[in-house]
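Residue numbering begins at 1 within each chain, and the chains themselves are lettered A, B, C and D in the order written.
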Amino acid sequence: MIAGAGKVGGLDAADLNYPDHFTAHDPANLAWLLADQGMALNGLAMRYYTDPGFAIGAFTNPDPKTRRDAIDLTKSGLDALAEMGGTLMTLWMGQDGFDYSFQVDYARMWDDTVAAIAEVADHNPALDIAIEYKPNEPRAYALMPDIGTTLLAVKEAGRRNTGVTLDFAHVLYADEMPAHAAHLVARHSRLLGVHLNDGYGKRDDGLMVGSVHPVQTVELFVELDRIGYDGVIYFDTFPDHGGLSPVEEARTNLLMADRLRAVAETLRGNSALAAAIARQDAAISQRIVANALYGKS
Amino acid sequence: MIAGAGKVGGLDAADLNYPDHFTAHDPANLAWLLADQGMALNGLAMRYYTDPGFAIGAFTNPDPKTRRDAIDLTKSGLDALAEMGGTLMTLWMGQDGFDYSFQVDYARMWDDTVAAIAEVADHNPALDIAIEYKPNEPRAYALMPDIGTTLLAVKEAGRRNTGVTLDFAHVLYADEMPAHAAHLVARHSRLLGVHLNDGYGKRDDGLMVGSVHPVQTVELFVELDRIGYDGVIYFDTFPDHGGLSPVEEARTNLLMADRLRAVAETLRGNSALAAAIARQDAAISQRIVANALYGKS
Amino acid sequence: MIAGAGKVGGLDAADLNYPDHFTAHDPANLAWLLADQGMALNGLAMRYYTDPGFAIGAFTNPDPKTRRDAIDLTKSGLDALAEMGGTLMTLWMGQDGFDYSFQVDYARMWDDTVAAIAEVADHNPALDIAIEYKPNEPRAYALMPDIGTTLLAVKEAGRRNTGVTLDFAHVLYADEMPAHAAHLVARHSRLLGVHLNDGYGKRDDGLMVGSVHPVQTVELFVELDRIGYDGVIYFDTFPDHGGLSPVEEARTNLLMADRLRAVAETLRGNSALAAAIARQDAAISQRIVANALYGKS
Amino acid sequence: MIAGAGKVGGLDAADLNYPDHFTAHDPANLAWLLADQGMALNGLAMRYYTDPGFAIGAFTNPDPKTRRDAIDLTKSGLDALAEMGGTLMTLWMGQDGFDYSFQVDYARMWDDTVAAIAEVADHNPALDIAIEYKPNEPRAYALMPDIGTTLLAVKEAGRRNTGVTLDFAHVLYADEMPAHAAHLVARHSRLLGVHLNDGYGKRDDGLMVGSVHPVQTVELFVELDRIGYDGVIYFDTFPDHGGLSPVEEARTNLLMADRLRAVAETLRGNSALAAAIARQDAAISQRIVANALYGKS
């Protein structure tokens, strides 16, 4: 898989999943495989669904022992991350949710989530912990489905080495405008990661960058520049869904992201655009952005 | 209002609503006002919501007299249309739906709808009747919310002078890909009108053309060309929602539609694109379309 | 209208809209009309959409003078509320949002919202200010579309006399479970109002209580009891949408709310239910709730 | 698995998946295992996703050989069905869709689908072929996402031994009222199967029967009775999502389905309900249904 990523050309960092990617290789070995392809480790992402015991919760599991296992597994992941020289751990708490009314104790789940975030953050304050939200799946409702609830939990945990990762398709699915979500993160916490992709906002489509929402993607790049985000742009797309070649699909992602980021740069300091936005004049701002995207008409 | 449309420059046809726009002016007078601005009449659109009696149905109203009023009002509208020299009547049956389980008799409503479509079509076979669907509003569920049910009803009515009008934002809201919907219409009925706009697919946003889904708009233009659609492209957008100047908003619509239609034309006969589509290779087709939209990278 | 509400029987409080309901009557006169029907004033709700100038924003309007008008109008509403002896002002900031990428300055809008909430809260600390959220409408995106963002803003405003009003259909539309939203309010702020109704979660349906989600309504009642909510239950339904008699529709709302609240009371202290929830055993909890709702099978 | 279903008590029929469930057992052996648990074979359901070649289509695969494999596999499944003495084959064409604009040739896909339905129907006219629709997954858009498009395709195929299977959660996800969808099937084709479950309408939740939409479930039972459906009610729920015991979950499904079906039977011939529905008076019809569900208030 790492060799395949190396073939794309232009990919300079990768994320690995813990514990799945570590069953056949130890951290040192994986670090060497990445370096051999000229790639840096962006970070690790926890995957709790590899353990059937976590089906009804990782940090919120009603069984104290299973909850403890989830926290300990996360700490092991943090240790592997440190051993590989990485600094970013991404947590997607997909199992921490509910399917039915009268299935869970909301107060207990929230307490358990906040306490667990604080505990894993304290395990190694040199490492950053990013919460990546998504409205649902596998549970019908996630406990932290959107930017607002995620920020409430992160603020309540109160640890400096915590923050948020935005996944473009998750943000659309949560009925949020990506640039607005990025602004809220920067205001209330720290933006630690950006997963770029696209979708139709009805589920987590994981489509290629810019294939549906190029204007919204450009606006996100403008906002990332404004808030000074200098982290990695990670392509979280699902080539297998459409039977695409992963290498060709990654190349299209790179081309599109470079192109849309370049458009965003041309808009920086555009005073006519700033003036139109200042008076909420979308008829004019859409024309300015269209000229930047498609060339003068 | 007509004078305002004339100011935009580039708008060469308009739709009028019946009966609202006919309360202060008679058909001959309205025809003269349009001609004075150099605009043709595209057609009329029925508006049943001006009568509170239609709140629980126009063609499907449970009261036979009110249902008869709705049919007769439509016939009056058709007469006004003929008097003005137009040929297209658009019906959006927003009141013909339901809000609750155990509120309506689905079989009776379907029968009433099909019979009414046939009756108004027979009133003047020289005029075309287009059904414009929308998932809901004002009723929680429309009886014909999407392309499939609309085509079933139109086919059951079995009149040659009937067909479908697609509204881009309604199509997105119905979770449909616009080009796919256009193909289905051409295959099973006649495409009589296209309302262009944009939206996020979560409601009937009525946004400016191309502001969210430029690639899907280009694909629709390609499909319209393939099926030989030569009707009017009507901008059904809501400038007042965002406090926009209707004239400036219409100009942006025109610029965007011209631009995206021109892109669609450059894709006609592109054999590399046809080959990628023939093997469902979206990684390649997205690059070709991106080059056509944004310029070679 | 007030006389109609009096006819229902069982309605003991009402909300009035400011300024619409105050154009023909002054506060003292309206207080007398309510008292004459044996009804108390629950509170007032601001309606900014009566002024076309607020189309692109009330608290966030880009024009400083219009923004000031919105704040001053709210203060006038608070004065009318005090004069009538009420204590609750509900704010639904439907105009404070955006329709397009590159239409607004998210940071400025958030600042303006938080500052305005603080300013109107300080106008009369004896009155409570409740923010009622809704995902969109009239704008395509609200600035505070859901429980998370609303709580972030209320906490940032930092005034004790502020809180949140939950509208059941808005909560469903925001993809939230009502009891979970109620818990989050109680944890992070104050629950000041509950608008009961129902819907399908795809738009703001405003249907009769319990017509779609009776189990979720019962769970909300259980949660309201747990968090000690003792405010008014307000029926925010739209009888005109389905052509219903407002009086009969209100009676059905009352019957359903009483019935579902009674079911909630029988579940209080049910140890088998508490045990099933403690282990997330929905197969058992659903049976217990079904027995309470429908009678033993 | 079959032994587990036998333990539930009350389950008298089962569906098997082809080819997955036939890799370790031949048809005769599986028929014996079912009989041993006192269960009949309801039918088989094709599962094309077991073959990675079908990722971009089964009946619509752009590679003619892969498309032929999908048709031949279906015919093998039909042979296994006949060998076991069953009569119903359910097809869920989840791979037959698209993810992107400019990915597919809609006309070719529709042709291929209709031709394949006709061909597999002709393979053994004694067996029934049911199409089960779903809006998406794994593809972002299904070619036949809803009741309308499914009926258009089935009617175009024109074979008497074809029809439709309704899955309650899929129907909700497609923004359809289940009883309305059932009526449309009975009017335009044949209802061959009903998969009962529940959900929130935002994805294919697969929750326990009646846990969210009991009123809509009762209405569906009333409609099934009206159209004379005498087929199997199949529980298509996902106990593993919420970590539930499959046996206890199936028992709750049975209890709820029996209870809601009994309520539907008490509503048969209720003349007050019929009268309220005849005038679309939901305020009254909701009270009548509530009394039937919850007991007189």
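Heads up, the rule we're going with is that a residue touches a chain if its C-beta (ideal position, glycine included) is under 8 Å from a C-beta of that chain, and two chains touch if they have at least 3 such contacts.
Quick caveat: nothing in here was measured; it's all calculated off a predicted structure.
The chains that touch chain A as well as chain D are B, C.
The greater number of contacting C-beta pairs, out of the two interfaces B-D and B-C, is seen for B-D. For the touching copies chain A and chain C, the fraction of interface residue numbers used by both exceeds half; the interface is of the same-residue type. Centroid to centroid, with C-alpha atoms defining each point, chain A and chain B lie 38 Å apart. Chain centres here are Cα averages; for chain B and chain D they lie 33 Å apart.
With centres defined as mean CA coordinates, chain C is found 35 Å away from chain B. Along chain D, residues 56, 98-101, 103, 135-136, 175, 200, 202, 208, 211, 215-216, 242-243, 280, 282, 286 each make contact with two or more other chains. Note for the complex: chain B touches chain A at residues 175, 200-202, 208, 210-216, 239, 242-245, 248-249, 251-252, 255-256, 258-259, 263, 280-284, 286-287, 290, 293-295, 297. Within the complex formed with chain A, the chain D residues making contact are 55-56, 98-101, 103, 135-140, 199-200, 202-203, 205, 207-208, 211, 240-243.
Partner chain C is touched in their complex by these residues of chain A: 56-57, 62-63, 98-107, 110, 135-136, 141, 143, 145-152, 174-177, 179-180, 183-184, 187-188, 215-216, 218-219, 223, 273, 276-280, 282, 285-286, 288-289.
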